[in-house]
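Going by the order they are written in, the chains are A, B, C, D, E, F, G and H; count residues from 1 in each one.
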Amino acid sequence: MTSLDSLLEAFRKGRIDAEDLKRRLTGESILKAGFSRLDNQRLLRRGLPETIYCKDKTPDQVREIVLAMSRAGQPVLGTKAGPEHAQAVADVEGLSYNPVSQLLTVPAGKCEPTGKVAVLSAGAADLPVAEEAAGTAEFFGSRVLRHFDCGVAGLHRLMDILDDLSQASAVVVAAGMDGALPSVVGGLCPGPVIAVPTSTGYGASFGGVSALLAMLNTCSPGVVVVNIDNGFGAGYAAHVINSKRTTS
Amino acid sequence: MTSLDSLLEAFRKGRIDAEDLKRRLTGESILKAGFSRLDNQRLLRRGLPETIYCKDKTPDQVREIVLAMSRAGQPVLGTKAGPEHAQAVADVEGLSYNPVSQLLTVPAGKCEPTGKVAVLSAGAADLPVAEEAAGTAEFFGSRVLRHFDCGVAGLHRLMDILDDLSQASAVVVAAGMDGALPSVVGGLCPGPVIAVPTSTGYGASFGGVSALLAMLNTCSPGVVVVNIDNGFGAGYAAHVINSKRTTS
Amino acid sequence: MTSLDSLLEAFRKGRIDAEDLKRRLTGESILKAGFSRLDNQRLLRRGLPETIYCKDKTPDQVREIVLAMSRAGQPVLGTKAGPEHAQAVADVEGLSYNPVSQLLTVPAGKCEPTGKVAVLSAGAADLPVAEEAAGTAEFFGSRVLRHFDCGVAGLHRLMDILDDLSQASAVVVAAGMDGALPSVVGGLCPGPVIAVPTSTGYGASFGGVSALLAMLNTCSPGVVVVNIDNGFGAGYAAHVINSKRTTS
Amino acid sequence: MTSLDSLLEAFRKGRIDAEDLKRRLTGESILKAGFSRLDNQRLLRRGLPETIYCKDKTPDQVREIVLAMSRAGQPVLGTKAGPEHAQAVADVEGLSYNPVSQLLTVPAGKCEPTGKVAVLSAGAADLPVAEEAAGTAEFFGSRVLRHFDCGVAGLHRLMDILDDLSQASAVVVAAGMDGALPSVVGGLCPGPVIAVPTSTGYGASFGGVSALLAMLNTCSPGVVVVNIDNGFGAGYAAHVINSKRTTS
Amino acid sequence: MTSLDSLLEAFRKGRIDAEDLKRRLTGESILKAGFSRLDNQRLLRRGLPETIYCKDKTPDQVREIVLAMSRAGQPVLGTKAGPEHAQAVADVEGLSYNPVSQLLTVPAGKCEPTGKVAVLSAGAADLPVAEEAAGTAEFFGSRVLRHFDCGVAGLHRLMDILDDLSQASAVVVAAGMDGALPSVVGGLCPGPVIAVPTSTGYGASFGGVSALLAMLNTCSPGVVVVNIDNGFGAGYAAHVINSKRTTS
Amino acid sequence: MTSLDSLLEAFRKGRIDAEDLKRRLTGESILKAGFSRLDNQRLLRRGLPETIYCKDKTPDQVREIVLAMSRAGQPVLGTKAGPEHAQAVADVEGLSYNPVSQLLTVPAGKCEPTGKVAVLSAGAADLPVAEEAAGTAEFFGSRVLRHFDCGVAGLHRLMDILDDLSQASAVVVAAGMDGALPSVVGGLCPGPVIAVPTSTGYGASFGGVSALLAMLNTCSPGVVVVNIDNGFGAGYAAHVINSKRTTS
Amino acid sequence: MTSLDSLLEAFRKGRIDAEDLKRRLTGESILKAGFSRLDNQRLLRRGLPETIYCKDKTPDQVREIVLAMSRAGQPVLGTKAGPEHAQAVADVEGLSYNPVSQLLTVPAGKCEPTGKVAVLSAGAADLPVAEEAAGTAEFFGSRVLRHFDCGVAGLHRLMDILDDLSQASAVVVAAGMDGALPSVVGGLCPGPVIAVPTSTGYGASFGGVSALLAMLNTCSPGVVVVNIDNGFGAGYAAHVINSKRTTS
Amino acid sequence: MTSLDSLLEAFRKGRIDAEDLKRRLTGESILKAGFSRLDNQRLLRRGLPETIYCKDKTPDQVREIVLAMSRAGQPVLGTKAGPEHAQAVADVEGLSYNPVSQLLTVPAGKCEPTGKVAVLSAGAADLPVAEEAAGTAEFFGSRVLRHFDCGVAGLHRLMDILDDLSQASAVVVAAGMDGALPSVVGGLCPGPVIAVPTSTGYGASFGGVSALLAMLNTCSPGVVVVNIDNGFGAGYAAHVINSKRTTS
């Protein structure tokens, strides 16, 4: 179920009133925040609201945007947020920060998570990216099944969780180094598998490039790929697929 | 709907008998064909049967595999098949070859296509890859909406087809050169968008690498990526997403 | 209008006298500043004076050069200047420093800006490079129209500013990540479009290489490209094009 | 002067009648040609009509497009056209083919070339790319000054032509190998300089990458860059700059 | 057992006489063959004789070398030999050519193969490289266990052969595309595993680079790597390890 | 001799009792430590226990794992451990830390080292990687012969140690910059040679890539390669080869 | 001794008369040949005449240039000339073609070779590049000592020729694959060593890039590098160094 | 004149006695310094003593080596020495440190510099590398002519110094960014030119790779190249060439 679906449902069930709904749907198409010009129609157009990529922004820019979105009654998801960004918005009501996943969130109102998205990591070092994916999918409303440290050097760790894999609408797999796990997972479950290369490793891992290339060349069909360390993108796509399945 | 679902449905509706079903489900787990050892359990495990990547195989190898699969009553999909591969299997019953998409097919029995997958290309030169995606999704049972030549240099060509984009369970976008189209499409429709970089272009297009990188760095969430020229992988993933949506 | 044109005009209109003009035009062909040997004929040869690339120079080297140019009555533009460079020249008369664009300037005398150069950025994170381009074009005498945060994921932000785009003599577009914006802008306005890839992003953005490659492979003719983060080069070229248009 | 300007001028001066003008301006926004969907509004939107990139198209696709454009009364420019493309359209009225520049053209009616664009090449081996740039600028209506074989290993060859360089509205410089010529030209003339790396060379020239990188890192401001071997793009940009200068 | 060991053993058992032994051990340190100067001491120094890399040599050069080695009573192994090389030496006594592995051989006298080397391939397309490894190890005297088409997309094909894997002194694994198989094999058997990336694949496989990088970044210790398509090097190293084990 | 062999031997000779043996062999297949899920069957499956890659883990994660393994009676080997990791486990009984090789170890009980592994470095700067290899091989039970600073610019330093090279079961060679040493060593001794590129150097050494490529392209057969700076992998593989030789 | 020195000497000794000398020294500064504009002052400026890079030129262009140079009484050296170029100039008086080195030459009058340049190759496959270097140095007047097939896998082949190495003014070393030979040679002789990477090899040799990188990172000072396969550049530099030594 | 020549000359002229000479020539072939094993025969073999690359060594390692060489009466040249290395040897007699060139030196006895080596830099930012080259050549005994800041954007700065260029035995040219200067210098003087790419620049300069590639692809013969930032290597090679010229 998309955020837009949730919003309409909330209105239909009386959890928000007409004013609230209108305010959320009929804002200006561009929401200004300092130099930033936010895309205020995204919820209508895509079913999910705009999010904030924090990494190359100053803490002041992030604060301006978070405040503008908060004031407009929008849920807030900030990604790749460092401690300096978190500190700059620490006083915003309802905001929480996860230093592992580097996600800043002001969640929308409570609603029951729907469907199932599985999130796997190959090693303990891939945890931050896997958590970014899991946190993103949860933020938008998916139920998430986490299974970390399932690397192919010890396959029995993967066999343990085959049931969860086959029930999930989409499986996110975060792996660095040889990037082999998505190919193996792709061979074991109906998919789709969203592979996220991580920048863990050293030497010829080239900051995740080796894992990325392995994933693009997977011998298992049904595996698709996002940018290195892009847990957000993987979680977003998994949620979109999951929400379609569960609302159709 | 997966191929496995179709098969069970066909049995339930009496279109195939018990013998036929058993033969298809209880083959050896490995189907031998010359030096090749085919994965005969994939239909059971993943819901879709194994396919044949022809490009680095000799025509003789392809023929051995096609015959073995045909004899086993499996539908056949061969990808990246050159004319020399097509010629080697020209006498196989029910086989057809599309020289644009380079797909070899012995389809399963007829069934109504389900759901909607949209397939877009940026330029006329991306046609072969887009057709490979479209043909693959159709082979497995999806209904496909084709829209070619929608490059961002003339955006009005894209505005024409927004309705189709928002109704599709998944949108495949094939583009070479600057690889900009998936980002624009991703901003306009709820997704998911499966981006396929193509090797069209010259100079610093580096055989599709530039388009691939642009797609991995898309500013539109909900866009996932497959290998350069991998129309098959995109069509496969689109079908898996579409079949989940329409069967749930 | 080039700086040389301005200088001659200033003399013709009596704003500077003959001594001043001679001093500026007949300096030594090489202006020595410590180990540096500045190109003192550039104004005559190219119509615009030499500028200072600060990044790989020591603060002392930058100070020596700024002082030598100031003494010679030349306007000063220092690029990629860090706070340590700014501090080393803080006492130079007429000097100002912009920490966002990292430009150090001792402007020439006042004159009315001419023509129109548009400067766009895809995201808020591209602001420093866009400001470097805008500040450079302004330093040399162009009027600049700024439009930041126009990324292709929300196209309506671009539609708002089509009028400005079509009136500008040249359009500078700064974008990181997928580098898709110049292709879209190039398709919407008569150009020329000067694309500046920025190093924003992570993972497979490779410090701006992905954006650079996308721009070089643009499907929109009339788009030309400068180095990653080279706002100065883009602003310089835009001014040269703009000044030609407005003086011919 | 843009093509659109020329068209309006031709009407004002009675060289074409109102029917002709309307037919050219009010065609469908999308011109269909087989699978291709041409951007028929480009002349209105950008001042110059759509062109055909032939390299990754089949001869049949090129023929369909050329015929559709011809029938619609549009001038035709096909780039990177091989002999097989030329042969496929050999019977089209008014079409000519240049095997060096690989340009296919059906020119618009005659008009006096305007302004001056200079086109230089570093070596004799860069001739095809330089000719592609020159032919493109001429097709759209610029006067072109050609100077080939001006490489920096013999600088006196460049000193000969300084007058032409300083009079041109824009200077196109095609060079392979070390790509040093645009930096030297950029230091000698007011610019702008449009640098085109060529794929001549061997070994670590990497098909033009070395020249491309040298040009992007030029020490001469006012130099902008296009894709390797993209003579068309350089000629197009040079014409756009030149036409602005001469019509303003 | 090394070739040198075999030679000494053959003498001790009377299969060759003293003259023969001396001729083989006391040849000139450099064996001249046209412009080539062969390393005639390698058997003494390394235990195995010099071999011939044919790919970048002319057929005439290969013929000169093969004849010189044959005359000197040395066994001959030519690698990466095309049909043109095979034809040039077709009349050499005892020579045979395998067009799949591209190995040219004039074997030493018969002797019982020793130990066990396992050679696996991920896909049918990796057959030539796997055969090159197998043929090389056999040429030097190892017993080889072949298992082709064991890719990770269908893991049960690998489980079938675990016994052979654990008995082998060394396991060679040839794989292209995602290069995932050596990591999985490395996790299942005591090793050592010699991984050979192959150039099969397309797009971002980059002629085997993706597989190479995956293997270098393997998460399974005990995996070592050789050059892309270097079946010879893998087979050679496997034999050296195997011969040590079985002779100690 | 593998660790598993040692364990069984220890039991047979009465150095550990049946309880101890059972505890070590019949642990859970997965050993949980916080988010980490250790592969507790590796000793049985591969003959050597799991090790800990510390670099991308937090000190807390490393501590959790070390404690879990210690409690389970397993020997501990942590690699790429920084001072912060060492500090986090400083109080673990029996643990020692080598700041040069960055190895953390809790050794198994004492046993006599077996066989011979030679470890060479090209320059003094390659010491850390060479020590990582040497320390790893010693940890598992091999006898190690160290020879540092043997670069090819002074070949006589290599001639000194030929005896050691020919007696070793395996030779590890760590080299940065031009990576030439393994080729020369490979030409002088019977091998196998395990080449480890190091990241020493600057400029076009690209963090060890140049050395890696040189080693992959070695002209000496019998040379195999591991990842840049992967002293652990080289020492592990050398021990596996050595232990096979000495136990067979 | 440079060509210019030879020319002056020939005049002084009466071998050519004043007319001849003047014709050779006072030609136009630019020699036109079709589209080509040759640098006719190079002999005066650099001591050696211009040469012709044939690879990216058409046979007609090469013929025009050769004829123009011949008519002007200049010696001719054409490099990277294919059979098609050779055929186009077969009738030029005094011209000879070497299909191995791909050099086209019309030598200057006879003169005694001076000094000593050593040219080494690592393998038989590097012969063409080594011959290009040797032929170039001989063309300009150096005495050349050739030693082919000296690769580091059999060092004794190098020890044989140490005397020649230490007597040469400059040593050219052509090597592909691991590019290790120049480092070893650089450690054995006083230098300078000019390293030429060759494109022999396969897989991760990347057309000579691996050898190039190894050479740039040589651990032996006194080694300098030219482009991949640039035997001409190496031979030219070696001659320049040698001629200086022998004329000073 | 090589260092060895100087040493013998010093003995012949009575400046050192026989004991001193013997001590310097008959040291052990390997000089031990901690883990380091210095090549003590290099002076005899190559004419110049071993030098110390400091960058990847610890200050302690550098101190051990400097002390050992000092004690053995050898002159000391340490390169890429940071302040921490300088501090560690500050008390060594006769040692001096240049923080710009990062050279540590304990010079041999005084002697008159011989010949002429020219050292140029393109920009002020290339000063450290140019100084490293100049300091190295001076350390070994060459006379050095320095000309900094001669970039091609202002060619007249180069014309000033043509006399010095033509008199030098060898010309070192340090340049970053576009790396164009060596090509231009190579076209103006008889050479040889030793090009040193520097890591100055940003974006697509890739730490000096762009300059390196431009230099390898130079259109001026007689230009040879060393590693990025390798001022030492360039100065060493220039001295070797210069010393040959002046002693022959």
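Assume a contact is a pair of C-beta atoms (placed from the backbone, for glycine too) under 8 Å apart; a residue touches a chain by one contact, two chains touch by 3 or more.
A quick note: this is a predicted structure, and the numbers were derived from the prediction, not measured.
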Could you name all chains that are in contact with chain B and with chain C at the same time?
-> A, D
Separation of chain B from chain F in touching-chain steps, minimised, is 2
Pick from G-H, A-E or A-C: which interface has over half of its contact pairs in common with B-C?
-> A-E
For chain A and chain G, let me know how many angstrom lie between their CA-based centres, rounded off.
-> 60
Between chain F and chain H, what is the gap in Å from one C-alpha centre to the other?
-> 38
Chain centre separation in whole Å, for chain D relative to chain A (CA means) = 45
Touching two or more other chains - residues of chain B = 123, 153-154, 176, 187-188, 201, 203-205, 209, 212, 216-217, 227-228
Just spell out which pairs of chains touch, all of them.
-> A-B, A-C, A-E, A-F, B-C, B-D, B-E, C-D, C-H, D-G, D-H, E-F, E-G, F-G, F-H, G-H
How about chain E: which of its residues touch chain F in the complex?
-> 2, 45-48, 51, 169, 187-192, 194, 212, 216-217, 221-228, 232-233, 236-237, 240-241, 244-246, 248
Where on chain H does chain F make contact in their complex?
-> 29-30, 34-39, 41-42, 50, 53, 55-57, 61, 65, 80, 197, 199, 207-209, 212, 227-230
Residues of chain C touching chain A in their complex?
-> 123-125, 127, 148-150, 153-154, 156-157, 160, 176, 200-205
Please give the residue numbers of chain E that touch chain A in the complex, ascending.
-> 122-123, 151-155, 176-180, 183-184, 186-188, 201, 203-206, 209-211, 213-220
